[in-house]
Structures are given as C-alpha cells and as structure tokens.
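Take a look at the structures listed below.
Here chain A shows up in two complexes: once beside chain B, once beside chain C.
So, the complex of A and B:
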C-alpha cells in the first residue's frame, strides 16, 4: 500500500451524483486509466451506553475497506485505533448491551477502481441509508510510503482530472507525521473525517441512488 | 495491483456460532515428562510446539449484570505476532450427560494497539499471567500442557512466580454449534490419558 489522499468532490452544477461520477470516469479514461474492478469502504457507528461512572458516551467507528477484505478497523475519533480480523464484527454483536450500533449512521462509499501507472484512483458514491449524499475520490500513490515525499505529486495528479476541486494537503497531517511511513489506518481516518462532514451536510436536492 | 475480490457482505463465514468444547485436568511437575511422552505417542506431528504467552484479562462493568470478560493474549516468543483476543460465553446448560464443557467462543486477531484500545473502550485489566508449555494436536483436538505464573509487576515478565506445583492440561476443540459427536471423541481420547491425568468437565461457576 502507498500514500493515500481522500477528498470530496462537489456535485457538478445542474447534474446528479451519478452524472458527475460518470464525468469523472470519462476524464480518467481519457487520461489513460484502466478500470480494475470495484471498491467499497464503509463505516458503522457504535455508541457506548452510559457506564457506572457516568462518563460521556463515546463513539466507536468500525470501518471496512475492500482493499483489505479480511480486516476490520476500529477507531475512536482522535484516539487509539485497532486493526483486527473480520471476527471483530462478531465480537461487537456480543457487546451489544455495552455498545449500541447506530444503524441509521452507517455510511458507505462504493464505486469503480481505476489504475493509472502507479496511481490507484477510486471514485465512490457516498451513501447513507441508500441515498446518495456525495462523491469521494481516493488517490493512492503505490510507489511510496512517506507522505512528505509524494503529497505534492499526488496533488498535481489530482489537479489533472479534478481541476479546481483538487484538495489542499490533507488536514490531518501534522508536521511530525509527514515523514513517517503510513499505515492502513491513514486512509480510514481520512474517510472517517469525510463521512463525518457528509453526515453534517444538508441532504442533496437530487438524492436517491440512480 | 489487481482488485481484491469484492463481496457485498463482509466475510464472516459462520464464525458467529463457534463453540469451544473443553476438558481440563492437571499433573504434578514430577509427572510432566511421562505425560509428554504419552502425548507424543498419541498425537499428530513429530515434536510438540512450545509456547510462552502473556495473557491479560479485561473486564467491562456495565450498569447491571455480570461484567463482560475479554482475554488478550500475546506470544513472548514471537513478539511481532498479532495479539489474540478471545471472548468466551457462559457454559451451555443442558444435557448433563454431555462430556465436555461447551461455551460460545469468538477469536479475533488484533494489532499491537489492543491494550490501549480496550482501555479506551472502557475495559479495565483485572489480572494477568504468563503461560509456558507445549501444544499438541490430534485431528481437530488441541491439547495444551501449560505452567501458569503470576506476574508481580504489571507488564514486567522477567519476574514471574509459578502459581502452583502443577501443569494445567486442557483438551479443547473449536467447532460450529450442534456437533455433539465432538465430546464423544474427546472423552475417548481422555480415556487414553488415564491414569496419568484425569481430564474432566469443570464448571467455572462452581469455583467462584
């Protein structure tokens, strides 16, 4: 795995989510990218039920990524994370009296996966309760694991097909983290931040998966 | 860089209903060699696997009911291996003639951030211990002969003290729910270990 950058792309003026996604696919194909299957990333939210000490209810996020189909990543926002195997979901079912699954908060991004030389581009439709809320674009530069060495390259590549929608440097990169190798949690925490923003946004006027 | 297979549902493979069938016994230190010799003869593989593990038991106390128990185990011999997190349910009450203790079991492999993560979830470590010994296999049966040691200083495994003058012997099988022939096979294997060790069904509730 390489350095990843995840961003949200706004829906084009006067177009639907699907039409904007199709436009992005066309641009990638014109660039010379080849479609290589599909991908999905999802995020479930669990609320800790109030415990004896009356602490504030914490939110636990359990995420899955099709790039690592046998794994499961569990995160606390801004807190520790855990990489575990798929049985972690079964364990969360056993813990249901302590951690409740907020089913209506489940967010997922599904779409096509394109390969362009050393880049993997995944354009996904972000959906909550089967209604499309936005578009995510993930670009992974597979040849490097140090963010500081290739973020500018990734940004330039993103500008070539996203134009002005290309993001600035990822916000969750503190100075010290720029030169440490990335791990599998890095893209997941970017997706988590993105899904959090999407949850807070208004419902799109043309919602509904097409 | 081929896309990994994408399925609609995450992979679970029926793991939700795995049951652990268990028989336990013990042997005094001086009888260990005879037991190992007998097990080498009865079991698969040329030499048994040796292990040295550190297990931490975490409790999550809710507002009511019994605390939720999780066991986190790591290898001291292979420090880069993932942690093994285990949930064991209440023993199944049922057929008194069933030969082994049966309980629901969920095993999860986890990364090294497990202790911090469990603390963040609200779990608190109740106790820890070190286990050293040998692991034998016969078909789907696993026989573990281990020496349990008390850890004096939390996290410091240099200084441990054996809990007793015996080795704990456990015969277990992990199988999907509903396979009752498993306990029959376990009973006949246990017969072959008599009189060196008497493996029996020990109900944990009776010990409390």
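So, the complex of A and C:
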C-alpha cells in the first residue's frame, strides 16, 4: 500500500491505442522494470432511485481493483466512500429497488503491471463497453504512505518515461490531506475522476485516430 | 516549793501519733480514730493464717462457736472476757490446733505400736481358707476345656476367612476383565456393537482425514485354567488389531551424498527399534500404541507421496514403493522412507543394507510428526469453526481482507500454501547447509593457525534459519585486532553475511564460496591488524588499501596492502597480504644507511640523507614470533630507536 498517482496519457499522433501502450511497455522495459502479471480496475454506476422530494438522484460508483482482490469499494462522487468485502456486489443486487445499475456506464481499465524496485507501474487501456477510449497510467510508490513526502519523487519518475505527458500533481488534495496516510480508496477516487473525464470525452465526437 | 507567783498550769499532752484523715477547708484536722485494744488484737490475729480455713469449716466453726457461745452464755453470764466477740478469730485457731494435736497423737500411737509391739501388734488379714483346696486333675481338665473352646473359635474364624479369600479370588478373576476393560476405556475409545466391543485407534477425532478405519476388537481371554498357577503377564483381555497395522513403523529421513544404485530403490528397510516399554503398562496398551504409530506413519507417508506427485518442482520427486527421493541440492539426495516391520520377526536384523545408522535425521522425523499433528489441529481448530456463512474458509484474519482493502502481498502472507513435503525439504536443506557451514568453518580453523577463526553459534534458532558469529583474531592481540567480525545468517538456500563495516553479502549454498570468502577475510585481517598495531605502537599509517590493484592477481579475493612509518620517520614498513600469495614485508631505510650512498651532483645537501631510501625485503619465515602480528610488533620495535 503506497502513494498512488493516476494520470491519463494521450494517444500518440498517428498511432492507435494499442501501439501507444506497446511503446510505453518498451520504455518501461528499457528502464529495467519487470513485468509482473496483469491488473484491472473497473467501475460500475448505480443510480439511486428518485426519492419523494424529487431531488437529483445521486450516483453511486462501485469499483474493484485487482490489487485488493477481495475488496469492493463504493464511492459517491466527492462524498463518503466505503470499503467492503466482495459480497458487496451481491448486496447491490439485493438493493435493486433502491439502486439501479446503469450497465452502459461500466468503465474498466486493464493492462500489464510492471515493477521497478519500489515503484509499481500499471499501464492500462480504458475501455467502455469493449471499445478502447484511452490510456491510463498508474504509478504507485510502495515505500511511503504520506503523499506530501513523495509526490515530487513520483512526478520525477513519471517524467522519466512519460516525457512531456507527465501530469501536474493532483491539486484536488487539500493541504491537510497531503500529510495524512493514504488508504486503499485514494487510487480509486483518482480513477473515478479519470473515468469521468473519459466519459465526458466520449460525448464529444471522439477523434479516435488522431 | 514554788516561790511566790501564780501557779503555772502545765498540761501534758501525748504526741500526736494519729494519722490525719482529712484537713477541712477551715483548717480543722480530722484524725483517724485510733484502734481500741481489742480491735488491734483482732487485726493482728487476722494476719495469722491457720491453714485450711475453708468456708465450710468457717461456717462449722462459726456454728460451733455460736452454739458454744450460746450454751456458755447460758451457763455463765458474767460476761467473761473470753467469749467476747472480738475473740472469734482465736476460736478457729484453737480448733485447728486441737485437731492437729489429735492427728499427731494417733500417728504417734500407730508408730509406737508398729515399733515396740508392747501392747499391740500388727497382724495380717488371713485368707479365705475355703478356696485353697482343689485337686489338680480338675484344674487340668478345666484348662483343657477352655483351651479347646478357644481353639474352636479361632478355627472357625480361620475357616471363614479362607473361604471368603477363595471366593474373592474367584470373583476377581471374573471382575478382572471388567476392571481391565475399565482401564482400557479410560485411555482408548470403545463402543459396543452387538455383542462385540470395538475400539477406534485412528486420529479421526483429532482432526485427521486419513480414510483408514482403525478399528480394533476387544476379546475376553477365557482360556485360563484356574487350578494351575496364573502366569505373571496374564491379562484377561486381548486386543485384535487390523492386520495391516501390526508390528511397528517409523519414518526414516536421511540425506546422502551420492545417490545409491537405482536398483536399491524401494527395498523395505527392516531396522527394528525395540518399543520402549513403560513399567506397569499392559500388553494391550503397547500393542495399541504401536498400531496407532503405524497408522500415523502411514498417514504421513501418504500425505508426502501425494504432495510429491502433485507438486511441480524443478527436479521431480521420485516415489517408489515406500521411499520418496528428492534432490534439494545438486549432488545431494534426501530420502524419506516408511520403515514398517510387520509382526514379531527378529531375524531380519542382519540386513545387508546396514549403512550408517546415524544417517537418520531424528529431528526431521520428529518434525514430520509435529507437522502432521498441526495439520490435524488445523482441521479442527476454532479458527475455522464456528464460521459465518458469508466468509471464505481460511484464517480468521482473511475475513477482514475485504473491508480493510488488503492487497495481494498481505493476503498471500495469510494463506498457508506450503505442503508437508515442501516444509520438510526446506528444513532438510537448512540442516544440511548449517552442518556444512559448520564443517567449513571448523576445517578452516583447524587448518590455519595464524589468524584464528572463532565461531559462536547462536542457541536460539529457527527450523529455517540459524546464525553464527565468526570472529577472526590473532592470538594475543584480540583486543587490538578485532575489525573482522562477521555475522552469518544461514537460511534455507543461502547464507547472508553481515560484515562489521556494514557490507551485506549473500553467498550461495556452495561450500567453496564460503571458504573463499573466509580466506579473503583472513588475509584482510592481517593488514587490518598491522593498522591497529601501528596505532598502538605510535607508527603512522601512510597508505592503506583493502584491494590493491598491483602485484600478482589472486584467484581468491584481493590482496590488501598497508604502509606505515616509524614515529621519527626514518623507517617505513610496507606489507602486502593476499589470500593466495601470502604476505610480503618490505622495510624502507633512510638513505644514510644504504650500503652505497648515492652520490649525485644535484643533491648535495646533507639533510637529504635523512629521507627514506631503498627497500629491503624481510625474510618473514625466519622472523621470530608465533604469529604475524607478533612478528610485526617485534619488527616495529626493532626499527624504533631506544633513545
């Protein structure tokens, strides 16, 4: 469990998603990272059924991460979150009357997992209803749990293999949060943000082959 | 005659001998009234103790006194002085004295009678004459009769006792079976099926999953003849154990260097260890225990062979009949065999396969038993039961894995995936590695004398890890030269060496690596010792290098070198020590001491002759001293002038 940073890498000019991903893999291997299997992160959306007051129904996101294979995370956007056993999915089925699954909004990111000393790099293809929409790169620094101490290090590391695509540091962290230890939901909220961005992008006429 | 003058009144007053009782507030003194004569007398008389002055006596005397007084008063009522009430105390005195006098007179009379026999004599009381005369025949007959009665009583009693004893014995033989059965039941599980008594000697109830039934039958031993003498080891019940559990068995774990001929695989090793008979344990107990042991060994072997077949390893394990052979290290063979000697045959003692009996690693056999028992406990433990319906089987902690968001590393640390065979192979590897490390260190210690190598083994170690601290010192200079201290952590496949200066080196299981490493450390130690010695002797270290790049190449490690200068700077000693090339010592002398002082036109000043000049090699083998550091100390001392 370490500090995680998730970012989106734009597809390279004149290349497909798969080719960009291959390029990243090659760069990582040149760096000296070792491939250690695959990973997947997915997110399902549930709409709360309209309540009596007719307020805008909140959306509940249920996410899974292969890093914590027996867990299931449930988040409200910007709101409270929950970490539960894998049986939570079954519970959601039971709560069909209160939360309805928006099956078309399921987003997932799958790809290879690389390990470079204390860094875990996961390069994944974001797919929505089995069509690739983008590339996500997650870098986890396993040796530290305080974001404030190692975000700069992670940024530097990302710059080494992402070049100019390295993101700015997530500014959504309040000052107080920078120096508190992270938990397993932190990467999930970052992924949620990323998936949200990808979904919004999809609405625009996506230039798939740019 | 008084001459004129009035008469003087002279009053005489006795001196005041009375005690003052009270002085009143107006000065008047109140005197204690003095005792009259009778009162005084009474007071004195009461002080006299006349012996028994009991209440009854007093009462009696009082009554007597009163009677006397009343009678005497009637007779003489002239008021004699004697009978005044104030004389009451003297009455008791008088009576007591009178009675004492009477007693004394009587005693005197008796004594005079006894002594003088003048008027009276003492005569014994005569016996009754009628009892004396009985004829002796009657006496005899009566005595005989009484003795006969007594004897008859005793005989009757004895007869009763023997009868009851015989009955008891008979009953005991019958009851013996029940008491034996009770004893058997207190230690083994029995149940009654129909008219047979069956028992269970398997580990099923302890958590074993072995499919063997393990039932034995209890049979009453009735072929005993009560008239003949009962044999000493007679037991009223016998147990009948299943035929495949007869005899005794054990698991033999041994490590061999060379693999034996392939044809020898699968032979039944028939070493038989005599069962340890505890005093007082019955025959059935020994047999049942032996059978249970056989069952456990079979279970262990079945589990091991199952794992040997299922688990994929680099070098596959061979399972032949009753042996499992695996190769933990190249050139090494670990064989686990089930040795079961059925029945009571003792003739197979002389088996041709009598290799070293201490080949058998008893520790591993014991560990196997422990591991299988742990496995039994796991199936029964409260860690698994009771158990919520929604949680997966496994360790209780894993139920928290979901809500706590455990990642893969944490989950895998909680799951036990190692089987019995893997564990035992790891333990065997560790034991082998440890014994080989010890042998290497010991052989080096016995072979090389100059830097001494000491090994301090830690008492506390794990089945998978042991540690030893290796010190390289020079004899006599242990306090000065102690810079080479190594901590070796012996694991399952590797040895991790932690040096005193912080380096961590991982050595493989090869014996040669450790030996080479230790040799290189020993050579470095010599040079370090010179450095420490120089500090003590006041010499200055000019240069020091652990790994010099000059001189012949060593095949093992690197050579180290040091140069030290004497306190006054005139001499310098250079030492180069390598693990293979040995040590080379050179001494630098000042130019003035050279045989041919160099003459040069350029350098003419005399002061330059004080600089150090040429080198000369020291014949180190011919130096005096028992070890390198001692020789070095002598050399340094020799080169330091006394003044």
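Couple of notes before you dig in:
Please note the rule applied: the second predicted complex is superposed on the first by the 201 of 210 C-alpha atoms of A that agree within 3 Å, B and C clash if a C-alpha of one lies under 4 Å from a C-alpha of the other, contacts with A are read in each partner's own complex, and residues count from 1 in each chain.
In this section, a contact is a pair of C-beta atoms (placed from the backbone, for glycine too) under 8 Å apart; a residue touches a chain by one contact, two chains touch by 3 or more.
Remember, it's a predicted structure, so these values are computed and weren't measured experimentally.
When the two complexes are overlaid on their common chain A, residue A:160 makes contact with neither chain B nor chain C.
Chain A is touched at more residues by one of its partners, and among chain B and chain C that partner is B. Look at A:201: by the touch rule set out above, it reaches neither chain B nor chain C.
Shared-chain residue A:177: touches no atom of chain B or chain C. Of the two partner chains, chain C is the only one that A:1 touches; chain B does not reach it. When the two structures are aligned on the shared chain, A:57 is found in touch with neither chain B nor chain C.
Of the two partner chains placed by the overlay, neither chain B nor chain C lies in contact with A:131. In the superposed model, A:69 lies in contact with both chain B and chain C. In the overlay built on the shared chain, the residue A:84 is in contact with chain B and with chain C. Chain A residues 67-70, 72, 83-88 lie at the interface with chain B in one structure and with chain C in the other.
Only residues 36-40, 48-52, 55, 58, 60, 64, 66-70, 72, 74, 76, 79-91, 93-95, 97-99, 113, 115, 120, 142 of chain A touch chain B when the two sit together in their complex. By the touch rule above, chain B contacts chain A in their complex via residues 1-7, 10-13, 15-16, 60-63, 65, 68, 85, 87, 89, 106-111, 113-114, 116-117, 120-122.
On the chain A side of its complex with chain C, the touching residues are 1, 67-73, 83-88, 183-185. The touching residues of chain C, counted against chain A in their complex, run 390, 398-399, 401-408, 411.
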